[in-house]
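Per-chain residue numbering starts at 1, and chain names A, B and C are given in the order in which the chains are listed.
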Amino acid sequence: MLSILLNSNTGWVLLSTMTLGIAAGTIGCMAYWKRQNLMSDALSHAALPGVVIAFLLIGEKNLLILIIGAAISALIGAFLIQWITTASRISEDSAMGMVLAIFYGFGIMLLTIANRSAGGNQSGLDGFIYGQAAAMVRTDVITMLVLALIVVFIVFIGFKEWKLYLFDGQFAKGIGLSLKGMNTLYTAVLVTTIVIGIQAVGVILMAAMLIIPAVSARYWTQSFKVMILLSAIFGGLAGATGTLISALGSGLPTGPFIVVVGAGFFVISLVLGKEKGILINYLQFKLHQKAQQSNAQTLKQEG
Amino acid sequence: MATPILQVENLSASYRKNTVLHDINFEVNAGSLTGIVGPNGAGKSTLLKTILNLHPSLTGSVKFFGLPFIKAKKRIGYVPQRGSVDWDFPTDALDVVTMGLYGQIGWLRRPSRLHKERAYEALDKMGMADYANRQISQLSGGQQQRVFLARALVQDADFYFMDEPLAGVDAATERAIMTILKELKAIGKTVMVVHHDLQTVEDYFDHVLLLNRTVIKHGRTEQIFTRENIANTYGGNMRWMGEEKRHAVHSIE
Amino acid sequence: MTYTAWIILTAALVGLSCGVIGVFLILRKTAMMADAISHTVLLGIVIAYIITREVSGTAMLIGGILAGVFTAFLVQWLHSLRVQHDAAMGIVFTTLFAIGVILIATSVGNAHLDVQHALMGEITFIPFHMITLPIIGAIPEATALLLLVLAVILFFIIAFYKEWKITSFDPALAASLGIPVILMHYLFMGLVSVTTVASFDAVGAIMVVAMLITPAASAYLWTDKLSFMLVLSGSFGVVSAVAGYYIAAWIDTSISGSMAFATGLVFMISFIFSPKHGLISRRVRPAETM
């Protein structure tokens, strides 16, 4: 284990997946309360064409440029989902499914062309689909770290505004918070988190990084602040542990291991969690039932 | 006359940690038209759903015609709240009413001409014959409610449960629905209706069930729909407007 | 038949099956379940392969169906425990998909089962795996499977037409009439899984989502009649599939990607020009109903 950590590149990768986990865990809580869990899935898929177009334009794999391309593409996807939902009878989940699959299909079309023309296979563009944290170089890691820290920072400084916005948007508006501004900021933060994560875990599994830690954290607390903290910890731990496991063997994919570790946290939370965990719930139900029954008995005896 | 066809004993139900209903006991006689009345959050809809097995009960038993729900299913009609379905569904009014007959038509068979005629008759009864082929999203709220009621009529059940059929409908629809409810009662059917408008209770229902998490009072309207009982049901959050019959109740949500 | 004809026929079959089944995905408000199931089907296929050690259509079909129904079951179960419905989907499908990818990386290592193939599909390979059937003669295995699946889907849709209609529109009423709503739900999820598995070879896990959702969503903008919506959606599926093939041939790129892209074109046209619910008609007579 120590030798893995000493291997300098693995150390960097570990740092980046952990930071990513923390950022995704934090933003995941917001998506959770906006009830837009699967939006992250749609947007991560929608980022693919942007990645490829950015690559085709500059002809080399520069992470920052690819991330910008991904972000633009994902934002267009988000806009389309919004537009289709409001301007027609199509429901939001249908719109998400369509944007997800059509953008992805378009991305694959472009990727095929890129691979044919520019030797994109070697460029590691495929890594964007499945996620290959191990292939990241030091500059990639720094780009990721900076962006992830910015995201966490934005959440941190505006904490009470976020809370208002998520729990009671109308009230927030009443006291002078711009809903439009908050919506834009939220989308920007969400998209940034998604696109920096794609390199490490891939477009398909990126959604899990946002959803799983947040839902798991919900089982332990009623406080929004604690929920975000816990979610960030779960995310960071999953990121680090998953990366370590995948580093044990050669050619093991990083993303899937991170997700499975995260799912482990979820199962534990689901069963043992002190808020609405299965165990607690079962005990509570039994207690209720007993109380009702004894209540009825005393009533009968009295009557 | 006094044969109870619905017996509810010691029923209770909860949403998560909160017990919404407890110690519910009452009996309903055949041929009665009962309004279920109570403040917001009193558990009116939950009561219907729990009786009809659509929401799990914690304790207690419910018997229809002396039988458990499963065996009496075919004799029971349920009209859910209008908002419980998506009115953008690609179908027309006649088709929705025909759905009430699907249980009788049985598996692997299509609705026959006869079924369609029965559905059309029910629509006609609700004054909706002209809209039979209208797409359901193009109907007004009141018209949608009438379609729902026509669908219940066509089921030809003995016992009807309706969840706020008069909420948010126009005056004409309200009159049409009440005429039908009274007709149902006249031919010996039994109806229970969740109702929100205290002013009309005395005109519409011969029985009232006052509910606030448990049955406060249940019986003939003229006997139990008194100022005192209503005050007990709604707690302190009310004030009277005008004298005697003309009153409105404001409950704090 | 020629090589190209087989490919076009296969693509059209994918479009038709997905288009028909997709209508109920839209109407039951479970469009994203298509996304979830298409991913977890991968796990079913991998496990079927690990058990049988061969790439056989039947084993894959069974594995895929089981995985799909299992996904639906897990999502339903988590939802019954008050996990938000879409969060439940997100957790279940990413986890099962991740397990599938890990299994492939660690214990399969077989050229026939790489993730890339499963995700993208490779319709150009389909005419290379011919089998001989009585009466029909030589036919690609994937095409034969799709024909069978289409027959199964059509049978279930037509035989239980009114039950699908009522359970989609008003499940509470259906339940009170004695129609087994839950059973119908899982049967439907089974049908979605079957369609997905059969379409896998041709279009892969993600583009099948486009084939399932988009033609149905487009048809939903054109008509208010369920039977016509089914016909229209099936036709849109076929048109997109065939158009996708020609687009791909024209600019020399991924066929499955182009098929997904073509469904997008069909939707765009519907979204703008549909006389009932299109953008233009809304502009012309805004909010005529209520």
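Criterion: a residue touches a chain if its C-beta (ideal position, glycine included) is under 8 Å from a C-beta of that chain, and two chains touch if they have at least 3 such contacts.
Being a predicted model, the structure only gives us computed values, none of them experimental.
K.L.:
Graph of touching chains, which shape: line, ring, star, complete, other?
P.N.:
complete
K.L.:
By mean C-alpha coordinates, which chain is most distant from chain C?
P.N.:
B
K.L.:
Check B-C against A-C and say which one is joined by more contacting C-beta pairs.
P.N.:
A-C
K.L.:
Which chain wins if you rank chains by how close their C-alpha centre is to the centre of all protein C-alpha atoms?
P.N.:
Measuring from the global C-alpha mean, the nearest chain centre belongs to C.
K.L.:
With chain centres defined as C-alpha means, what is the inter-centre distance between chain A and chain B in Å?
P.N.:
From the centre of chain A to the centre of chain B is 45 Å.
K.L.:
Express in whole angstrom the distance between the two chain centres, defined as the mean CA positions of chain B and chain C.
P.N.:
Averaging C-alpha atoms per chain gives centres 40 Å apart.
K.L.:
With centres defined as the mean C-alpha position, give me the chain A-chain C separation in Å.
P.N.:
Between these chains, centre-to-centre, one finds 26 Å.
K.L.:
If a residue has to touch 2 or more other chains to count, which residues of chain A qualify?
P.N.:
89, 276
K.L.:
Counting only residues that touch at least two other chains, what does the list for chain C look like?
P.N.:
Residues 29, 82, 220.
K.L.:
Multi-chain contacts only, two chains or more: what residues does chain B have there?
P.N.:
Answer for chain B, listing residues that touch two or more other chains: 16, 137.
K.L.:
Where on chain A is chain C touching in the complex?
P.N.:
For this pair, the touching residues of chain A are 32, 35-38, 40-41, 45, 84, 87-91, 93-98, 100-102, 104-113, 116, 126, 129-130, 204-205, 207-208, 211-212, 214-215, 249, 251-253, 255-257, 259-260, 263, 266, 270, 276, 278, 281.
K.L.:
Within the complex, which stretch of chain C touches chain A?
P.N.:
26, 29-32, 34-35, 39, 78, 81-84, 86-87, 89-91, 94-95, 97-99, 101-102, 105-106, 115-116, 119-120, 206-210, 212-214, 217, 220-221, 248, 251-254, 256-261, 263-264, 267, 271, 277-279, 282
K.L.:
Spell out the part of chain A that touches chain B in their complex, as residue ranges.
P.N.:
Interface residues on chain A, with respect to chain B: 89, 276, 284-285, 288-289, 292-293, 295-296, 299.
K.L.:
Per the contact definition, I'd like the list of chain B residues that touch chain C in the complex.
P.N.:
Going through chain B, the ones touching chain C are 16, 52, 54, 73-74, 76-78, 80, 84-86, 89-92, 95-96, 99-100, 102-103, 105, 107-108, 110-111, 135, 137-138, 140, 151, 155.
K.L.:
Inside the complex, what are the residues of chain C that reach chain B?
P.N.:
Touch residues, chain C against chain B: 27, 29, 82, 159-163, 165-166, 168-170, 172-179, 220, 223-226, 229, 289-290.
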